[in-house]
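You will see two complexes here that share chain A, one where it goes with chain B and one where it goes with chain C.
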Partner chain A sequence: MFKVNKRRLKPYIYLFPVISILLFVFTLGLGNSIMQSLGYRPGIGLYEVTLDYYREVFRSGGFLSGLLFSFRVSLISSLLAAVIGVGIAYLLVMQKKEWPVLQALLKLPIIVPHLVAAFLIFTIFSQSGFLARLSVLLGFIETSREFPPMIFDTRGIGVILAYLWKGTPFIFLIVYQLLRTIETEMVEAASNLGAGGKELFFRIFLPLSLPGVFSAFIILFAFSFGSYEIPFLLGPTVPRALPVLAYVEYINPDWTNRPYAMAINMVLAGVSVLLVWMYHWAFSRYQQFRKGH
Partner chain B sequence: MKRGLSRILLITLSLSFILPMMMVLIWSATVSWPFPEIFPRGFGLRGFQEIFRPGSPALYSLLTSIRISIIATLLTLGITLPGGKALGIYEFPGKSFIKIFVLAPLIISPVAIGMGVHGTFIRMGLTNTELGVVLIHIVPGIPYGIRIFTNIFELVGEDLEEQGKVLGAGSVQTFMHITLPTVIPGIISAGSMIFIISFSQYFLTFLIGGGSVQTFPLLMVPYIQSGDRLMAASYSVVFIIVALMVLLAIEKTLRLYYRKQSGIAGVFYSRKKVRS
Partner chain C sequence: MTEVKLQNISKIYNGEETVKNLNLKVNKGEMISLLGPSGSGKTTTLKIIAGLVEAEKGRIFIDGKSVDHVPTQKRGAVIVFQDHRLFPHMTVGGNIEFGLRMQRVPKEIRRKKVQEMLKFVGLEAHGGKFPGEISGGQKQRVAIARGLIVSPKVLLLDEPFSSLDQRLKEEMRSFIVDIQRTLKITTILVSHDKEDALVTSSKIGVMFDGELIQYGTPEELYESPKSLEVARFFGEINEVPLIKTEEDVIHTVLGAFRKKGTLQGFEKGSKLLLRPEAVTLSKEGNDYSSDPGIPGKITNRIYAGEKTYYEVEVEGLRIKASVLGRGIWQVEDSVEIRTLEASLIVCRGKEADNTMGAHNEKE
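Let's look at the complex of A and B:
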């Protein structure tokens, strides 16, 4: 009797440490943020719950343009990373040799921190960067000012490039591992039946790797949507990416500004929860898909 | 597509991701490289001398960074290994929910998480301390640890441990001689990933550490911001080399241990390989 109970409890005991840390972070952390964003701050004698802060945040131009900026930059960089990552993985699988050196070099950006990625993009694309120097050499421009601004620019080109540089190898790694497990017999059978490169790609490789690509895309999107470093170093001041905007509001010496920061954080988290849901949906589809094979 | 064309395309695409890293390497070894010159004016190691000069804050912060990240990695492995085992082997109510919940740090913005717990950390006296920074560094590593260990335990199952128990091994013996050796590959890959995530951390460190805990990335940022490319590049190169060295050290030590212990686990893995 006791043994049965112990056995049942076992997984919960194993999960206890990790779940309690996550619960601590998410209930206390996000709970606090929700209360503060609603203006409930017993610490400084504010007990009234109100949606005014959200209303004001949504009304302010800085927030909306920041939301749009973050969304656009994340979407474009993750989509491009997915397309290029899949492309490189497919091209590599189609080679006769495995190209281990190339593979190892392609994995290197994964261990390079985002700060360095930002710096790297800066050295190449800034108005005094390598491309600008090359343009001078080739006679396209004469001064650095004539080089189109791609860093700190309102379109966020530098931010997109930095995320793209970090994200593509991540997608490549996931897709390449997936593609390699596809039985060569399947590919050979298809080519014996007369399938060309195009058919192989669209009928075999793409459907088999799509679920993996999708969950990797969600991870990349969520990461670039919510992280601070790259837009802080390469992004414009107007519009500010949401995470940067939230931090600026947070460190504002005026304490009454705190609820705005928290309201922005709740939007950041809200979009992310939507993503978790999509991720779960993609993952369960992926499992069904694998079972079907 | 013709073979030659696909090869050229592959090389071009790959190089556009690999070559940018050369820029950092070149900048770190220049003496001066003014605009609009296409080649540096000379080469030297001033940046590295500055970082490795005795008593430099960079050297000190590098040690702080390594210490924080190794402790955070060990703690994260310690909690995700049993967690992954539970998710990989057992069926229990609430499992599918927990499987999504543990991925949350991967998805929810570290900015929202950091500012959310900041107040609580202040009240608990954890801000401006290394302990606080270590604790917050655990959070982003959790999803990677859980995913990797879940996959490993799904593959390994519980049979070997049960056999050990039947033969009279205690819990500690079972863990040391059966569980640990079988999951060594998982510990290497999860440990490397978690270490890198913690070692690269900037926002959470400066929010919770409040500037009193100076990690290597924290010292690097002002150079990037002010456009001091020589120093920023030198910091970047040191960062990447140290990260690679720590990863290599982790792998080598664990592989050594694995080989010593691989009696039973080695047999298991070779059998799996043959079958698949």
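Let's look at the complex of A and C:
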């Protein structure tokens, strides 16, 4: 009895230094944020705990439209990335050839920083960008002003494009490996029993890779929902994406605005926790599938 | 019932000929085995028949019709894989149902057939479970049921017993033999275990390095193997050293034998083989027989329950012998060796292999 316990504890003991630092930083940061969002700031002499900041944040128009904007942009970009990524992976797997150069090119955007991605999207899609100039040159439009605004626009097309450019290869990378193993093992069995191309995709490939795709989708969604540089650089000022809103409040020279930033951060953290839970749910289902062989 | 014929099939993987000019005919409703060591091309052969792998050369006929351009979906040659390959996201019932779904069989009929099939393979209680929740032997049965339910013209079983323990293996073996006799499906079983083949099949083909060395009845393979390799595959064997051959007598270390009966086929270059169980041991100086025994000494004894294996030193050679039960001899005992003339095996060597194609054509 005692022995078993000891052995169980071993990994935790070995990992203690790392875990303790992680936990320390995490709880300190999180605890600090929670307290600040509740208006408890002994540093500047504020001791009263209140939900006023939350109330005000939720009531303000900027927050709700920002939440909606962030949600919509993240959902659309992650969904599109999932569909396109799975599509490319499926087509490549069915080719049975490796196409190493094409694959390397497809994976390239993963290592490119988000800042560079934003710049790239800007130079291509803005009204002074490559596509606008090309359209003028080809006579589709008279001046580049007529080019539909995609950057800084309220629909967030530029933001979506940037996340799509970064996200699609990520989905591809994960799904391609998954589909490859399915291809060799399951597809032989299924096609031998009479399954054609469409049935293979919908009855074998899709259900077997869905949990993996879902996990990848959640990671993309959580990242784009919580990070601020892309909507900061490519998004509109009204509405502001939630992370941008938090950032703006945070750097406000008026220190009394700080609790608003923290309240928004707590909402972002809450959504992230929800996503992590969904991720675990998807992953455990995925593990259950894999048990089969 | 269906007849399957392979004609000059060759498959090349990475520049190596994995299957070499293979000819094979399986008669209607017959069950045969392909036997061979790991890597000899057995699975590849099955996949070629199933249409999952394309051969570089040769043709396949099912019921006399060429199926070279019939895709695997329509060929009716269903393979039960070595590693089951059950669909992990479908229940046992869903797995079995899969083939019927692909054939667009109406739901009512599908459900009825799946129930029947579950009962047939003794898994009624497990239809709702996932493959991850059942044992290896049960998975094997699901895999077989999944193949059987589409009433294949040809059933291809790839090592269906490899993941089972001895008791379960014997159970599965008689299960498969029963199914095959009941449904009369033309069946090819692949194995590397001689017993699987001997027990289940009316014919056995032995493959080495992608080559079908010999194809015939279990008796033919056991009693007149075409090469030393084939003979070894069916169990321990002694190669009897020859001294000289005369017109009608063969002189060997184990005595002289007249060229009659099976020995009539003996010619220059042939080998004489002797199974351990055809060697009789008796006490030295025992003159119950007119046939003079050859003196030897026991050098090793291995007790294996139903049999005891001996190694006897005769004129500097080690001869393997086996007796039923415990065996009275101990190491260092002096014995006399006698050989039953009728149980000697003549192995005509390499030239014999070339006659195989002709052998197949005659059938």
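Everything below uses one rule, namely that the second predicted complex is superposed on the first by the 276 of 293 C-alpha atoms of A that agree within 3 Å, B and C clash if a C-alpha of one lies under 4 Å from a C-alpha of the other, contacts with A are read in each partner's own complex, and residues count from 1 in each chain.
In this section, contacts are C-beta pairs under 8 Å (C-beta built on N, C-alpha and C of every residue); 3 or more make two chains touch, one makes a residue touch a chain.
Nothing here was measured: the structure is a model prediction, and the numbers come from that model.
> Between chain B (first) and chain C (second), which does A:185 come into contact with in this model arrangement: first, second, both, or neither?
The answer is second: A:185 touches chain C but not chain B.
> First (chain B), second (chain C), both or neither: which does A:106 touch?
A:106: touches chain B, not chain C.
> In the superposed model, does chain B or chain C contact more residues of chain A?
Counting contacted residues of chain A, the larger count belongs to B.
> Can A:193 be said to touch chain B (first), chain C (second), both, or neither?
second
> In the superposed arrangement, which partner chain does A:136 touch: chain B (first), chain C (second), both, or neither?
first
> Give one of first, second, both or neither to describe whether A:14 is in contact with chain B, with chain C, with both, or with none.
The first partner, chain B, only.
> Taking the superposition on A as described, I'd like to know which of chain B and chain C A:208 touches: first, second, both or neither.
second
> Mind listing the chain C positions that touch chain A in their complex?
Residues 47, 50-52, 71-74, 78-79, 81, 83-89, 98-99, 101-103, 130-133, 146-147, 150.
> If you look only at chain A, which of its residues touch chain B in the complex?
8, 10-15, 17-19, 21-22, 24-26, 28-33, 84, 87-88, 91-92, 94-95, 102, 105-106, 108-116, 118-124, 128, 130, 132-134, 136-137, 144, 165, 168-169, 197, 218-219, 222-223, 225-229, 233, 243, 246-247, 250, 261-262, 265-266, 268-269, 272-273, 275-276, 279-280
> In the complex of these two chains, what residues of chain A are touching chain C?
Touching chain C from chain A are residues 185-186, 188-196, 199, 203-204, 207-208, 288-293.
> For chain B, which residues count as touching chain A in their complex?
Touching chain A: residues 1, 6-7, 9-11, 13-14, 17-18, 20-21, 23-24, 27, 35-38, 78-80, 82-83, 85-87, 89-90, 92, 95, 98, 100-113, 115-117, 119-120, 138-139, 142, 146, 196, 199-200, 202-203, 217, 220-221, 224-225, 227, 229, 232-233, 236, 239-240, 243-244, 247 of chain B.
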